[in-house]
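Listed below are the structures to be examined.
Each of the two complexes below includes subunit A, the first together with subunit B, the second together with subunit C.
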Partner chain A sequence: MEKLFITQENLKIFVKNLKNDCDEFIAPRKENVDDIIFGDTKDNGRELSTYDGNSVTSPRSFLLPQTEPLFEIKSAKDCVLLPVEDRKKRIFYGVRPCDIKALTLMRKFFVDELADLPYKEKFENSTFIALSCDKRCSKECFCYEMDSGPYAKEGFDLQLTKIQQGYYVNIGSKKGSQIIRRQKKLFANAAPEFAKEIKNILKDFTKGIEKIDYKKLAGIIKQEKVKESVWDDIGVRCVVCSGCITLCPTCSCFSIADRLNGDKGMRMRYCDGCPYAGFTRMAGGSTPFPRHRDHIRRFFEHKLSVDVERYGTPSCVGCGRCIQTCPGNINIRKFINSVLEAQVL
Partner chain B sequence: MARVLTTCPYCGVGCGFYLEVVDGRLVGVIPSRSNSVSKGRLCVKGWHAHEPIQHPDRLRAPLIKKNGKFEEVSWDEALEFVAGRLKEIKTKYGPEAFAVCTSARCTNEENYLMMKFARAVLGTKNVDHCARTCHAATVSGLNQSFGSGASTNSYDELPFMDCILIIGSNPTEAHPIVGWRVRSAIDNGAKIIVCDPRKILPAESADIYIQHYPGTDIALINAMINFIVTQNLHNKEFIEERTEGFEQLWQVVKDYTPESVEGITGIKSSQIKQAAKLYAASKRSCIMYSLGMTEHIVGTDNIISMANLAMVCGHVGKEFSGLYPMRGQNNVQGACDMGALPNVYSGYQSVADEEVRDKFEKLWKVDLPSGTGLTLTDMMFKAIEGALKCFYIIGEDQLRTDPDTHMIERALGSLDFLVVQEIFLSETAKKADVVLPGASFAEKDGTFTCAERRFQRVRKAIEPISGKTDGDIICEISKRLGYVMESDPKKVCDEMASVSPIFAGVSFERLEGNGLQWPVPSKDHPGTPVVHLGKFRRGAGKFIPVKNKPPAEVPDKEYPFVLSTGRLLFHYNTGTMTTRVANLIREYPRNFVQINTTDAERLDIKRRQKVKVKTRRGELEVLAEITDKIKMGVLWMPFHFSNEPTNVLTNSAFDPVCRTGEYKVCAARIEKVEG
Partner chain C sequence: MKNQYLPLRFVIEKKVDETPDAKTFILRPHDKDVSKLRYKPGQFLILSLPGYGEAPFTFASCPDKDGKLQISVRKVGALTNALHELKEKDVIGVRGPYGNTFPLDRIKHKDLLFIAGGCGIAPLRSLIQHVFKNRKDYDEVEIIYGCRMPRDRFYKQEIKTWQNNPGTKVYLTVDEPDASWNGACGVVCALFPKIKLNPRTTMVFLCGPGVMIKFAIQDILKLGFKENSIYASLERYMKCGIGKCGHCYAKGKYVCLDGPNFSYAEMRELGIDS
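Let's look at the complex of A and B:
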């Protein structure tokens, strides 16, 4: 992989030029007080070229929005349907490595396995420029432990790393090298000492923390060796707000609803998922898991066990968003610890 | 794509989020981490707040009933018609034939305008809103005891309490983001006392859970005070320095020994003593309550008894203490604050005060009616009697929210003219002569005031679906009646602040960021997180002795159960919005009645079996939910389902002071429906 360097000033020019080449430039923006949220900055220059913390929402909110029209129903009676297409060219800038890993997992689910056209279309028209982390973005984040940060290994087109003199640049794809080629003058070859600087950043970042043995974790969960009291506690805490499944960068569940006004309307899909009793309730009112704790339990099982088996890596990327938004103070990091420390033998 | 920061339209907690708009379509909600109320959290209703706004069922054009059927008409025709009819009624019957019901769902600015419209344009004293059916008892009770009828402290103190006494309140379901703070308090080691006929979620983590009978709260609290004083756990210094009337209180409370109330409350004296000791002896203790305390014929007395308990222990008038009345609607605090009450103008300035009236007369350049108007409760009776001829209702569905639906039906049916401003065709709107399509929170600028007295901005994300906001509509009718009012929310806010001393420092500019907690007496005042610091608003805190009084209806042979009602996590009030959200209606699609396992066994009622619940006022067929979380002898029903309306059963008996109905207790019978 080619190692390049760009100065802060040139990055600004680079971003300006990139904006001419896309329909939406999705970048971290400062909103009320210190809220940071990804938003379109193509026409307003509000993007933060570097920032502390992470966006409240991940790129998922653009690729699999909370509600999304699938097609227009011109006439339900005569079955006249009009597809809703989104062919917008988007450049995502400043995406954290945890969210980049999430995108690679979502790609497996929505693009590589059974192609989900609305997702695939948006994903393939998107460019992802990652911004690696020089410190933990919040006290809830645990990306390094989950093997998803502070640097992205794959899944990005370009990755920027803030160093003292500017930004170190990794190229991660063909799309990435094409972008660079078009603006080659802005980049220089990276000096060898930059690699050393990055090594030191990583050393500071990982000081005193250990990676989680996610294979062992997955095994304990799969063999149902998690203490009952751990699930009970989660059951008492979860108040079905749906915040975790809405903000999680790897939650992929949705439901379908038709919004009809007479004969016309829209077929929508919307975020749905395991905390709801209704998500798995069947006709006649019976449900495979009557207890609430066993609904939210699936969130943990899926991310930490099922996907490890399926993809070889957990689909919890340690971004900490579910922890930050939970009104029950459920903490997936603490859950992992309690499972690893106190499994039922 | 636009992103608009605004305030949640559901309960009174006041969470902050961004509405996401793509091509004029509301597509989602993003919580605001910087919002000091919600700090990046929302409940399930808030997470779906965008979904009902552009629902096909929204009212888009004004409706006039012609030959018993609604016809869509132009705004001009509707406004002319309404103004014409209002003029006729005023000429024929005089201004006191009007009653105006403003909306706790609307902004402060709209409530101020509506209050002004009632008093200055229609010239009527009769203006009220749904606080009457929820926290009117808080306003009347705490005003007498402390001199201010709102929450004494702030949300952010909750996680650091040593003891939280939760009585008649279900924070997890009804106020989830305050429920989060209760959760945090538990996680921080706080002791929790829950008093509720149902074992609500916080009771699962409580140190003491008291499952007393509905309607026996004063007996319970007086017994706690009795034990605290006899055990010498009361705060003598506080009582001496900051209060008056302790002797009078003791003369009444001395008879309420914990042992003496065992029969009434159904609670062992040892448990009452334990709770009293824990509350009194903890350093940082507060009381959280809600409609379980106010919706009784003794609502005001209930609130006073809690004020007494807090003052006896000195657990008020300082940080990390106090009373937290959890307000039920997004802006019910604000609607009260704006003077949408029959006895006060904005900022709780009495209508009986000549100087105050004079001030408003000068500002509005009209003569104002003198004296107190009718409460919402009395409006209904007066309509049946024939004294009231016209109701103007904004954003409220009395036919589903007020107790004894059949009585409300008679009241609305007795009117000459009924105008309803609504966003969906509610049951009350169906009875109207004219329905004016209002605007939801996402379609207007303004402010809401949440339960911790915090003014917060509401911002327009999309244009009003009907073309007009509720404020616009009021101003247009007013203009047609010959009185011009400013409708720009920012200017209305300024006018309101200029004439209300406790909100004097409020303006849109100052609410940027994280709003302001009133009292804000001046432009440079930072707001007031804790009220009554050092001194109560009324001077000395006043002990007012109150006695236990049985509910208006107690179980008997014919109606052996106590029926109580309340809210579910997944729905909001009459469900006009939440039943139009796919995930919410799926969780609870229908009404039901909760019954204790033992009672159900005795009556041979099975899970999800159809049963008939009967009271002296009506009957309703619903499904049975059998649970051991409810006290034996008690039934409980939510009131969210318009097609299975629980309030046909409830009792319209009311508190003589604040006129709030007794939703929380009536006598009922339950029987199986065969087949």
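Let's look at the complex of A and C:
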């Protein structure tokens, strides 16, 4: 594959040109409360071309929003519903490799398998430009251990890597090479020493850390060898704040509800998730999961065991967001380590 | 590309009172094209009532060439209460069919045992009607049906025709008898000694409250019926019907896609007993 290079100055021009070619340019931007969140910067130039850490929220919130309209209810009485289409062309810029892996898993789930049209439409009109990591995003991040960073292997259209003189550029898709072709002049061929520089960054990044044996982990969980007392502790600590499921880049669960004003209204879909007791409760009041510890257990089992069987890789990408947000100090990384260590002993 | 969440319009043709809190709705397609919703016994639909959202219901009758379908609905929440208030000729939305069917290829020329509790008779009725429609393809049929009180029994008139069907036995029981009742009392399991079918060659179908399914399976296994010949129709909260919303998920399976009909052998793999 062609290896390219772009200078910091040319990147600014590249971004400016990209903005003319989309409806929304979703990029990391510094918020007024001094953190970084993905937002539309098409018309305001607030995007950060490079940044430390990761966005508080993941790009998920643009493809599976917290709430989104599915249908316009033209007449409730006559049951006339019109699909709400979203054909906006979006470019996601500066997406971290962990979130790129999450998007790949979400694509498998929402697009490649039996397709969910509202997600598929948005996904297929989107372009993803990744920005690889040269250091840990935070002390909670464990992307390398979960095989999702510091470089994205697939799932991006373009990937930028910050090096001393500018950015090293990987092309990850046909869409990516078409974008480059249109602005060919801004790019140069990458010098061989850049590859060496990247190798050194990776060496520094991975010094002293080991990949998690996620297949072994999945097996232990599947065979129900995790001590019951571990699930008990997790259940007690969870206060059902829903922070984990709101921030997790691979959480995909939702509910559907109507908002009506007279005979007209909207059918909405909103993010939902397993920590809530009502998530599995039926209209009559009974639920197959009456104990709270089993709600969180679903979350862990799904991400660390079931998806390994389904997709060959865990759907926890090690971004660390759930750890940062949890008021009960539930820590999926410590959970993983303690489960694996208990096996060794 | 098909929008999976877009309902088809159906008209309420008839409302039938079943119990003090349940009605059967006979629905017909709003437009003339009846080919859009073809289902098999055991599957379910998602009903749409704009303003109240959506909820899953099992097809309660066997497929009909005119594209008509039936659902039996107990009043338990906002949507079902509103549905009960609708009148004949009102329009509602239906999407589907969803889920797997009963194992129709495995049951021909076999003895069949149906065990139902309360409104759990609804999904079994779609198969029972299918069996009676093609009676020569099936051997002996026994139906055990329990409910709380005599007035809580669904399909009272139709059950009488089942009782008169050759090669068919129907056993009814109630938890709380009233003055009109001179039949059996107690849980469905109390009627199991009456079963005459050969446990080695009979297919068993159960549907009812979770506790009924759990204990009925335990007792039926003791009589020698085989794990992979016992099927239960499971009830779960669900929103999408296509394995996306996550509500009915259990250990990598989705009740809406992989179920709602599971053999007991499959249920054990999923770590569920009802």
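Here is the rule we go by: the second predicted complex is superposed on the first by the 340 of 345 C-alpha atoms of A that agree within 3 Å, B and C clash if a C-alpha of one lies under 4 Å from a C-alpha of the other, contacts with A are read in each partner's own complex, and residues count from 1 in each chain.
Going forward, a contact is a pair of C-beta atoms (placed from the backbone, for glycine too) under 8 Å apart; a residue touches a chain by one contact, two chains touch by 3 or more.
Just so you know, these numbers come straight off a predicted model, no measurement behind them.
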- Query: For the three-chain model obtained by superposing on subunit A, do subunit B and subunit C clash or fit?
  - Reply: fit
- Report, please, how wide the angle is at the C-alpha centre of subunit A between subunit B and subunit C, in steps of 10 degrees. 80
- Return first, second, both or neither, reflecting whether A:Leu114 touches subunit B, subunit C, both chains, or no partner chain. second
- Query: Of the two partner chains, subunit B (first) and subunit C (second), which one does A:Ser286 touch, if any: first, second, both, or neither?
  - Reply: second
- Task: Kindly classify A:Ala257 by the partners it touches after superposition: subunit B alone (first), subunit C alone (second), both, or neither?
- Result: both
- Task: Using the superposition on chain A described above, determine whether A:Gln66 touches subunit B (first), subunit C (second), both, or neither.
- Result: first
- Message: According to the stated criteria, A:Gly265 is in contact with first (subunit B), second (subunit C), both, or neither; which is it?
- Response: both
- Message: Let me test your reading of the model: by the given contact rule, A:Glu301 touches which partner, first (subunit B), second (subunit C), both or neither?
- Response: second
- Message: I'd like to know which partner A:Gly39 touches here: subunit B for first, subunit C for second, both or neither.
- Response: first
- Once the two structures sit on chain A together, report how near the CA atoms of subunit B get to those of subunit C, whole Å. 11
- Note on the structure: After superposition on chain A, the subunit A residues reached by both subunit B and subunit C are 255, 257, 260, 265, 272, 281, 285
- Provide the residue numbers of subunit A that touch subunit C in the complex, in ascending order. 70-71, 73, 75-81, 83, 109-110, 113-118, 120, 224, 252-258, 260, 265, 267, 272-274, 279-288, 298, 301-302, 306, 309-310
- Note on the structure: Per the touch rule, the subunit B residues reaching subunit A in their complex are 1, 3, 5, 16, 18, 20, 25, 27-35, 40-44, 46-48, 50-51, 55-56, 172, 176-177, 179-180, 183-184, 187, 201, 204-205, 513-514, 569-570, 582-583, 586-587, 608
- Task: Spell out the part of subunit A that touches subunit B in their complex, as residue ranges.
- Result: 24, 31-35, 37, 39-40, 56-57, 61, 65-69, 236-237, 239-243, 246, 255, 257, 259-262, 265, 270, 272, 276-278, 281, 285, 324-329
- Query: What residues on subunit C touch subunit A, complex-wise?
  - Reply: 1-7, 9, 48-55, 74, 76-77, 79-80, 90-93, 209-210, 235-237, 239-240, 242-252, 271-272, 274
